[in-house]
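Across the two complexes that follow, chain A remains constant while its partner is chain B and subsequently chain C.
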Partner chain A sequence: MQLYGALLLLPAAVLLATFAYLPTIATLINSLFLPGFRGEPAEFVGLENYQLLIDDTTFWRVARNNLIYALGTIPTSIAIALGMALFVNARLPGRGFVRMAYFTPTILPMIAAANIWMFFYAPQIGLFNKLLGAFGLSGVNWLGDPSVALTSVIVMTVWKEAGFFMIFYLAALQSIPPELKEASDLEGTSRWSFFWRVTFPLLMPTTLFVLINALINAVRVVDHLFILTKGGPNNATNLLLYYVYENAFSFFDRTYAATITVVILLVLGVVATVKFAILDRRTHYQ
Partner chain B sequence: MSQATLSIARGLALRVPSLETTAAWLLAIIWIFPLVYAVWAAFHPPAFMVRFDLFAPLTLDNFANAWAQAPFARYYLNTFLLVTGVVLAQFVVCTLAGFAFARFPIPGKDLLFMLVLIQLFVFPEVLIVENYRIASSLGLVDTITGIGLPYVASAFGIFLLRQTFKTIPRELEDAARIEGCGWLAILLKVYVPLAKPTYLAYGLVSISHHWNNFLWPLVVTNSVESRPLTVGLGVFSAPETGVNWATVSAATLLSIAPLLIAFLLFQRQFVQSFLRAGIR
Partner chain C sequence: MRARLSFPLTALAAAVLSASPALADDPVELTMYYPIAVGGALTDVIDELVDEFEAEHPTISVDAIYAGNYDDTRVRAMSAIEAGDAPQLSVLFSIDLYELLEQDAIVAFDDLLESDAEREWLDSFYPGLMENGQVDGQTYGIPFQRSTIVLYWNKDAFEAAGLDPETPPETWDDMAEMAAAVREASGGDQWGVMVPSTGYPYWMFQAFAFQNGHRLMSDDGTEVYFDDPAAVEALEYWVSLSQEHEAMPDGTIEWGTLRQNFIEQSTAMMWHTTGNLTAVRNEADFEFGVAMLPMKTQRGSPTGGGNFYIFNDTTEEEQRAAMTFIRWMTDPERAAAWSIETGYMGVSPDAYETELLRDYVETFAPAAVARDQLEHGTAELSTYQGGRVRRALDNAVQAALTGQMTPAEALAQAQREADGVLRRYAR
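Our next item is the complex of A and B:
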């Protein structure tokens, strides 16, 4: 029995070891080395890469960008998702269409979404600037101006993610017993206070689930940068994973890329710990 | 005011959209607009990109241009092979592991399961540097297998199937055993058929994920022979290549069309799958 069970696990175990555990350990080890030049073996340098990281102003810029990106995308997309779910959970003419419209961006690849948004953001012929021009306003270089580029990327991400989070809220709303609403109507509770006192607290587990997903996405998904900005201008939109990609595959500095990856792994580790330790105590991993 | 006009007025008042309806619709229009715009740009001559004219001539030239400028047929084939390969392999590997976790006594099972769940957070693309090195030492760089293999042992799939298998009553299994079924037969005749909705949900979520995936495929492929649609599209529409926008919109629509059409046809199943797979 035990042997049989272990055999069933074997394919998954081999694959997970190859593409998750070994790479994680190798990343940790590599972050302690400097690359050897011209075929020489890599040199063990201890924490020197981490010292480089601390002194690297670009790294701090990228880390700060990623923080702003997370703070800009997560609360906004969650709030919009909740609003969307409340809309399509109510009686609404054309509800099927509205729901589909909200959810459609979810089905698109990020790379295709970024392609489409390029049309909006382009400085001369882009739609946003044409619109501004129609009101006699001068255009903005949405992706080229370091002070607005990150915001432009954030706006696109919110558009892409909100509909996905909506469906979790919609399911949660539909599982709230209608008796609660009837009781509160009898008591003459206003819709506003019903939402804040009943609906919103009941949606808390969903909010936490969505929050975890949104946090992971904020460090994991950088596809749109390849089309929209390539991390520019002057690193204004560079994010951690994109910075890893640049270091590894443009500057060919694998050990430094490994060092930045360790930072990402730490962030994900914190998210995972919070999820397993706090949020899932009552759910059933048994 | 007569009784009749009053009731007409009341009827009208009912029909005036409420603030919420207006807001919901406004949001819907904003959300669908980018896609509608891409469709407009793809089906009209480039001159009409930002000149909206209901009577602008329709054209398929942009699609013809896009098709001529990049090997989309090859990209379709690659994506199709990738998606079917990954999903089938995931079904097999995750079924075996999910079954083991649900029904077999294994020493240190809880710890092993926690180890599996780590992959919910540490995705292959986070480890691109090392995974690239491993893929290259296995000779998998620039192959479709190389794109898919890191995703086959999906923690998410193992988790979903384990949960589903756990809900299946033991009595069914016992009955099958009395009939003389071995483990494999029990798995194939009892557990797998009863988990069909889970396979459907997981399959749809997995298809859309791998159809849309970009970063890892970009890193691990470097030729037309293995590139999936997303990477092909990314190469095609890189700003420096200087193709015109109407062509880029057509190319974008070409890449998303199959999944988008499937979504429009099976909207309910898609939404339910994302939900079922997400809620767990």
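Our next item is the complex of A and C:
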């Protein structure tokens, strides 16, 4: 019987081992080597790569950028998603159309969206500066000015993600029994306290799910940087995964890329522990 | 059970048999990755060329895969090699040479030559375009989509600003003055000049430095000279175009949207690759001209663009087939047609001797500017650890243009970074 259970687990275990555990271990091992110099075999250097990482100012810059990026995108896109979901869950004319409009950014491939936004942001010919120009304001170099470039990337991400998260909230809202609303109406509860005392707590599992997804996306982002900024100007928009990519494929430094990856994995491991240990316990599942 | 198994097994056996090279009449299959870094529907052009080649050479089939920009294409090719599914040939950045050598990925064309005709072919290209493809007297890269940076100027805008529409700037001072004049005459609606500073900032900077008589790297790719006073002066001039002359926008200027800026006349001049020439010609609804870049102490532009490489993880038969394909693609007639379709230069003097390109240059003079400028060309920045070294310089250029550092500080920092990276390569 135990064998039967093990066999049932086997397919999933094989997939996980092939695509998660083995690469993770290989990355860990790689991070302890230096790449071979002019065709020579790789050289074992222990923790030297980690020492390099600690001294690498670009890495810290990139890590800080990514933190700002996460703080900028996650709460905003979740709040907007919830707002949009509440809005399109109500009875309003053309509801289907509005829902579709909100969801449209999600179905665009990231690269396509980034290409569109590159032209929104273009300083002279772009949509945003034309709009500003109509009000007599001089334009901003959205992606070329290091003080606003990261914010510009954040805004695009929020636009892209909010519609996706809205779908989950919309589904969750529709699964809340209408009796609760009727009962609270009888009690004369205000809409405000109904939302905070009933709706929002019931949405917690969804919020947690969306939060985890947003977090994954904040670390996973790499594609639109290729189009929008290539991490520039002067690393102002460089994010962790893009930095990994640069090291691995532009600089051909696989072992240093592996080192950064290990550090990202460690941080995400800590976040996952926090999620299981704290957030899950405080979340009310139906 | 047996009956069920037999079908997939037969299918598998058939697949193995048909994939086996032992069968006669099977064409040699080649895979090639190639990049596009300019505008226009160039994938169609490549597909047509490949079809034509296959029709002429039934024993060779070529799978040409568009793989994005130069960086993406390198990634695709290198990952394919790592995955054991190496392409036989690819078009990659001409300056990827040192890294490809370091990865032990490519073969020298000299080792593949079998006849005098092939030797002649190898010697038929412009020497200036071969510089980035050669190390220690061996040739590893064959020029294909090669460019220099040229100056595009809007004749209508020059006229409106009271400048002679037929006279592009000759010197740095001319360019700054003319750009400022356009800016002023348009009441601030039009910029004077734009030089892209994303994508390939090091490339543009190299042009400025070379015009000031300065080369940024040693011939053997082991040393760079970023913090030289001539280089600092070059970056100062670039920065002054926006800071002092107020003729170029602040911050960085996007490589990808710059052509559109020029087409929509939001700038009167732009520096861009000659590879965009045909796209500009097709889209601009105003009179424009193309000129060599202006000079400080000398004319100059680095060459740029992509070369053919043959990878070494391939059979001899495949390498011969790849050679045949590359020779066919760089044949003067094809090079001429490719140059007309894109604006990239004809890679050999013979290409400009073809009737096709001679006629074209006669009716459309800008098509010859890149070639003429080759006389004042220099190899593109290419060193060991080229990715890191270029990135250090890119950051320095962007830091200076966005006012985060002075040009001298920025270049000193880039020099320190590059020195650190190149330390172990010094001979």
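As a working rule, the second predicted complex is superposed on the first by the 249 of 286 C-alpha atoms of A that agree within 3 Å, B and C clash if a C-alpha of one lies under 4 Å from a C-alpha of the other, contacts with A are read in each partner's own complex, and residues count from 1 in each chain.
Simple rule for what comes next: a contact is a pair of C-beta atoms (placed from the backbone, for glycine too) under 8 Å apart; a residue touches a chain by one contact, two chains touch by 3 or more.
Quantities reported herein were computed from a predicted structural model and do not represent experimental measurements.
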Note to self: Let me test your reading of the model: by the given contact rule, A:45 touches which partner, first (chain B), second (chain C), both or neither?
What the structure shows: neither
Item checked: Contacts of A:146 with chain B and chain C, given as first, second, both or neither -> second
Next item on the list: With the two complexes superposed on chain A, say which partner A:93 touches: chain B (first), chain C (second), both, or neither.
Entry: first
Check: After lining up the shared chain so the two structures overlap, which partner does A:232 touch, if you call chain B first and chain C second: first, second, both or neither?
Finding: second
Next item on the list: Please tell me which partner, chain B or chain C, touches more residues of chain A.
Entry: B
Note to self: Under the stated touch criterion, which partner chain does A:119 make contact with: chain B (first), chain C (second), both, or neither?
What the structure shows: both
Next item on the list: Scan A:109 for contacts with chain B and chain C and give back first, second, both or neither.
Entry: first
Notebook entry, point to check: Between chain B (first) and chain C (second), which, if any, makes contact with A:249: first, second, both or neither?
Noted result: both
Check: Looking at the overlay, does A:23 come into contact with chain B only (first), chain C only (second), both, or neither?
Finding: first
Note to self: Tell me the contact category for A:208 with respect to chain B and chain C: first, second, both or neither.
What the structure shows: neither
Next item on the list: Show which residues of chain A both chain B and chain C reach, each in its own complex.
Entry: 118-119, 125, 226-227, 249
Item checked: Of chain A, residues touching chain C in the complex -> 37-39, 118-119, 122-126, 141, 143-146, 226-227, 229-230, 232-235, 246, 249-253
Next item on the list: Using the touch definition up top, name the residues of chain B that touch chain A in the complex.
Entry: 17, 20-21, 23-25, 27-29, 31-32, 34-35, 37-38, 41, 49-50, 92-94, 96-97, 99-101, 103-107, 110, 112-134, 149-150, 152-153, 155, 158, 183, 208, 211-215, 218-219, 229-230, 233-234, 237-239, 245, 248-249, 251-252, 255-256, 259-260, 263-264, 267, 270-271, 274-275, 278-279
Item checked: Contacting residues of chain A [partner chain B, same complex] -> 1-2, 4-6, 8-9, 11-16, 18-24, 26-27, 30, 80, 83-84, 87-88, 90, 92-94, 97-113, 115-120, 125, 127, 130, 159, 162-164, 167-168, 171, 209, 213, 216, 219-220, 222-223, 226-227, 241, 244-245, 248-249, 254, 257-258, 261, 264-265, 268-269, 271-272, 276, 285-286
Next item on the list: Give every residue of chain C touching chain A within the complex, in rising order.
Entry: 71-72, 74-75, 78, 99, 102-104, 191, 197-199, 249-254, 256-257, 260-261, 264, 266-267, 385, 387-388, 391, 394-396, 398-399, 401-402, 404, 424
